[in-house]
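Below are two complexes that have subunit A in common, paired first with subunit B and then with subunit C.
What follows is the complex of A and B.
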């Protein structure tokens, strides 16, 4: 009798608890962008509807033919976590990625705030470690490598134990979230810049809007992704140092690389510091943190704007005063919505340059990985490109010079830290 | 509460309770593995396994099947064994125990193990992380109860040798607080393990800080309790070895907690001044990650069980030094 009643109470309690929570979280709009651009609720809804129609939901993603995404791979990666009788894994993104990168790929998963660096926000379509020119999207191979090897020195793990098809599915889903995020940004920019607050924006009733969305907004995004394989930086055969080299050649290359490191042409010392411990500039931001920093700064500026309007109001009369009152109310409302948003933002962190003496290379430790980092820079960060911006374009450094820097970077963990350094170029930074 | 020694002759309830606790601990470990490896949804039905009665599922398919199925079905089989052992314990208590409250505790244990089983089943049927979190909190509670039954049926409890120590009331209070804190810490750990995928980062950070902060508070409680017991009641055997075991487990747990962070999130940037950052990335689902994290969860339960046993023995064995007696530490001898 006791067991039966316990059973009954348990079942009812468990069902009640289960009914209280949500098991299928939705995609979220980029509210920082929405608030900053003051997009109306109607337009927010319209954007959400368009994105829903084009990309589906986290449980049921859609691979629109125009995007070239693979529906089968997306289905493997999307949805809740489960595994079938044969051991096939489903819901791969929520199994492996969502806790850091978030359901929308916004880098704001539950663990984001405790990690340094923060998890990547896929939505701008900017990826740090890739083989392509600075402005190009990564190739699928680049993303697969990042998943396979992980990012040493960060919380991004290696998924080397996953079968290749699961890594491929995850890469496809990352690309899907990125294309979706870029499309969202394009829609928000279009609505903010081209439409009045009350203007209709409904592709279901307006073929011109359909045309705009698919051709003008989605087209360039897809083109950029599809063109990534043509954007790969290929080192010139003559410039690649042979695998086996006499010690004297390596020493000469390291010496030349060192000159470049401290010299005005490459000027690596500015950020990586005179000891290469990453003790150069410390106050810059990467793209993702800069967006939050700018949002917070602009919000704080609203206070002085409101104060200034109040001072004007004290002197104004009649219609002018009425107009100022209206402006103050609008500014206060904007400040309120911005403040609410700031509470949910990850606090901006400075982009601290890499300590090159640790021997930890986040984008990979092969010579070609370091070559790509120096040549194309690290997109989204203060690390600039030293090579050409596109095939055939001139770069700050020649390929031979980049390889010399690669040799010097490789030598740094073994170079005595007390080795006398040349006088740095950026004395004002270093003296801090 | 009738505690006369002549009433507890059969040793079988104690032996059975020890067996139950010893089987429950691996069950917690396997349950932890289910969560660590995200294998909870490997079997979509419950209480059956892919349409088979749980006990009739072909063992060849189970043992040679994929990891997720192996670990989830194994967890269910082990849980069933614990359930049956609990029924056996209740029968034994009913037949041999004179203490009515012990029979009631047996009933509570059975109720709790059934509740836990249903929670596990509902977690599968509803694919609900909140239920998984509750399931993760109830398991250690049941383990603590099995440890309590081991204590209640032990000779140190039924034929106690009381010890008069100064500040006994404070020590008793501290021991209870330690056990409560150990359980709260497990609950916070369960929150971290089963966080919803759409939880806000700041909420999770708060939970992490609470878990780390509470670990510090719990560590202080354990150390103070152990030091007090070593100074004032070292000659009371169960208090002596349980307090030493608790400190040992605490040290192990601190190492496992730090290791959990490192194998999950790599060496934190602020710690690279003392620990070299790894030149290769942490490996998702690797041996170290899987077993270090699971061990951290399981040792948490072991700390709870030890703290509960220590708290119960403190209540039972420690008495205040009589006001007329100036001697601080004194064995009172046979049972009262």
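What follows is the complex of A and C.
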């Protein structure tokens, strides 16, 4: 295991945005973020060095003690694909995941552009299908379930045929890529918000920088992952509907759930639409696509910024004119680097609410899965929580009401589309 | 081994914190105030496209990305003390009561009130809905997104600080947009309808202040009485015990609000 003093220097000298080795695929920096925050080449190099020291390379990952990651499991998942004489499989991530999720876990593997939805980018550490409160990280069990069952309705297959220890190793590696990605974002934010353009950022020579990285930047990320198991939303015993119920009870529950679906309290109709075909609000974005959409919008805004600076320049003289010329050149350079980056982005796609009449449930089809979706919402998407935001916080719906919605959701694929729609209260969709 | 290395690290961290708090002992308290105005003709903002819920359409919510008051006063600019990561600033006892109060964010007339919410880490954020239509309030900085029914209310604890104000949105009504700034300390202000702001009881000494606006982002290269803001919209200001530093009129170029 590496001690802290060595992790900081292992990668010094590596070229910017690349790992230590020249022949194997490197981790890449999040260039959208780097360009948006105008991080200098020197600082990109510093960030790559720090990440290399803390997390190693795709061939030789490091489980830094402070992250709580498991070195043995990471070694199973990392590196090139090969099999040993006994038939043991190595390089599991590159065998099963990399073609969609990419070496850096950025969701931009070679197949990403032809998939809809795009593969998940692990780097923000946000996961949709989990058992925890909205703000919590998923438990390892949540991630294991996603690997085991796959995500119905998407390109994500089931890996149920893999032995449990291989699934466990892959989950550890996904967590590793997330923690690494979250750390990268924290470093980039720190550099952009707090460092002067020429300031050194080298933990190997400055203990204060080392402490800042481990305590202030890495600390909260690790804490959030470690706390996930205490964030699980547990249904109250009394509220869980029994598996075997009289038909009348189910019908009553479905009816109550339907009222909630159309009513202003749960407001499901707004996005899922009056027929639940997912045809309500269709112009929104999830957090991953929104990042790209905002980047493109801000780039286009630069054009009008440059225009108005030019108008100022026409009226200005002396020092002020000189300063404006400098600002125009800077803005033009930024526009140029942003435009180049846009060419490499996956085109942003809208988040389309689920068509609930298909009976395909991405996060799992058990009642508890639907319960968690309604209670905590779907993090990273526009889907809001209807239950509490944390243990003891006020929820919008009671657990009983959430179970009624679960029953209604289950009934929707069988509800005749011609069934008269309830007139929504103050929720009419008005065309402009 | 991993346990030990982390333990050593925590001890070292504690020692620095203690030293930090001793040297940060305030030698009195002072204030800063000023008025932010737009220099030139402020750019026009696009009208909001309100196509959902007759109630919202009737309420005619306006685009608050740039709001200019009388005499070109720039409304909703944000001024706050900036503390570097890992550092702390001493908070005056006069803020003790405020720390226990909750901050209210109301969905009213299909728009967020206040437009920019200021909150201290640890304070409770009460999210209300005074409208007859349902909303959801999505506060990304706290990873909070919950449906708020008509006349309903929810609550969340401000769990983390953000370097800059971040958006608050309603996904049901995409034209609704607000901002929230969360800091470890109470030294922040939003300019009012007359463009003025005041931050009271700041520890005497030199501090970095951030100037920010929704449309302008960092308010950079803005001339102050002494010097100007840097390329991140920041300036180091010296606060004197018992005195109010009056920055007077701070002129923000209209072209920087795009």
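By our rule, the second predicted complex is superposed on the first by the 400 of 432 C-alpha atoms of A that agree within 3 Å, B and C clash if a C-alpha of one lies under 4 Å from a C-alpha of the other, contacts with A are read in each partner's own complex, and residues count from 1 in each chain.
The definition used in the following text is that contacts are C-beta pairs under 8 Å (C-beta built on N, C-alpha and C of every residue); 3 or more make two chains touch, one makes a residue touch a chain.
Please read all numbers here as calculations on a predicted model, not as lab measurements.
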{"item": "Partner chain(s) touched by A:360 [first = subunit B, second = subunit C, both, neither]", "value": "first"}
{"item": "Which of subunit B and subunit C A:283 touches, first, second, both or neither", "value": "second"}
{"item": "Which of subunit B and subunit C A:110 touches, first, second, both or neither", "value": "first"}
{"item": "Partner chain(s) touched by A:273 [first = subunit B, second = subunit C, both, neither]", "value": "neither"}
{"item": "Which of subunit B and subunit C A:61 touches, first, second, both or neither", "value": "neither"}
{"item": "Partner chain(s) touched by A:203 [first = subunit B, second = subunit C, both, neither]", "value": "neither"}
{"item": "Set of subunit A residues, in rising order, touched by both subunit B and subunit C", "value": "3"}
{"item": "Partner subunit B, residues of subunit A touching it in the complex", "value": "2-3, 6-7, 10-11, 14-15, 17-18, 20-23, 25, 80-83, 85-87, 89, 94-96, 98-99, 102-103, 108-116, 149-162, 343-344, 346, 358-361, 365"}
{"item": "Contact footprint of subunit A on subunit C as seen in their complex", "value": "1-2, 5-6, 9, 12-13, 16, 40, 43, 49-55, 57, 84-86, 132-134, 136-138, 140, 142-150, 152-157, 159-160, 163-164, 171-172, 174, 221, 232, 253-255, 258"}
{"item": "Of subunit A, residues touching subunit C in the complex", "value": "1, 3-4, 65-66, 134-135, 189-190, 193-194, 211-212, 214-217, 220, 263-267, 270-271, 281, 283-284, 287, 301, 304-305, 308-309, 311-312, 323, 327, 377, 379, 382-386, 389-390, 393-397, 426-432"}
{"item": "Subunit B - residues contacting subunit A, complex", "value": "38-42, 44, 50, 65-69, 107, 110-111, 114-115, 118-119, 122, 126-131, 134, 195-205, 208, 264-270, 272, 276-286, 289"}
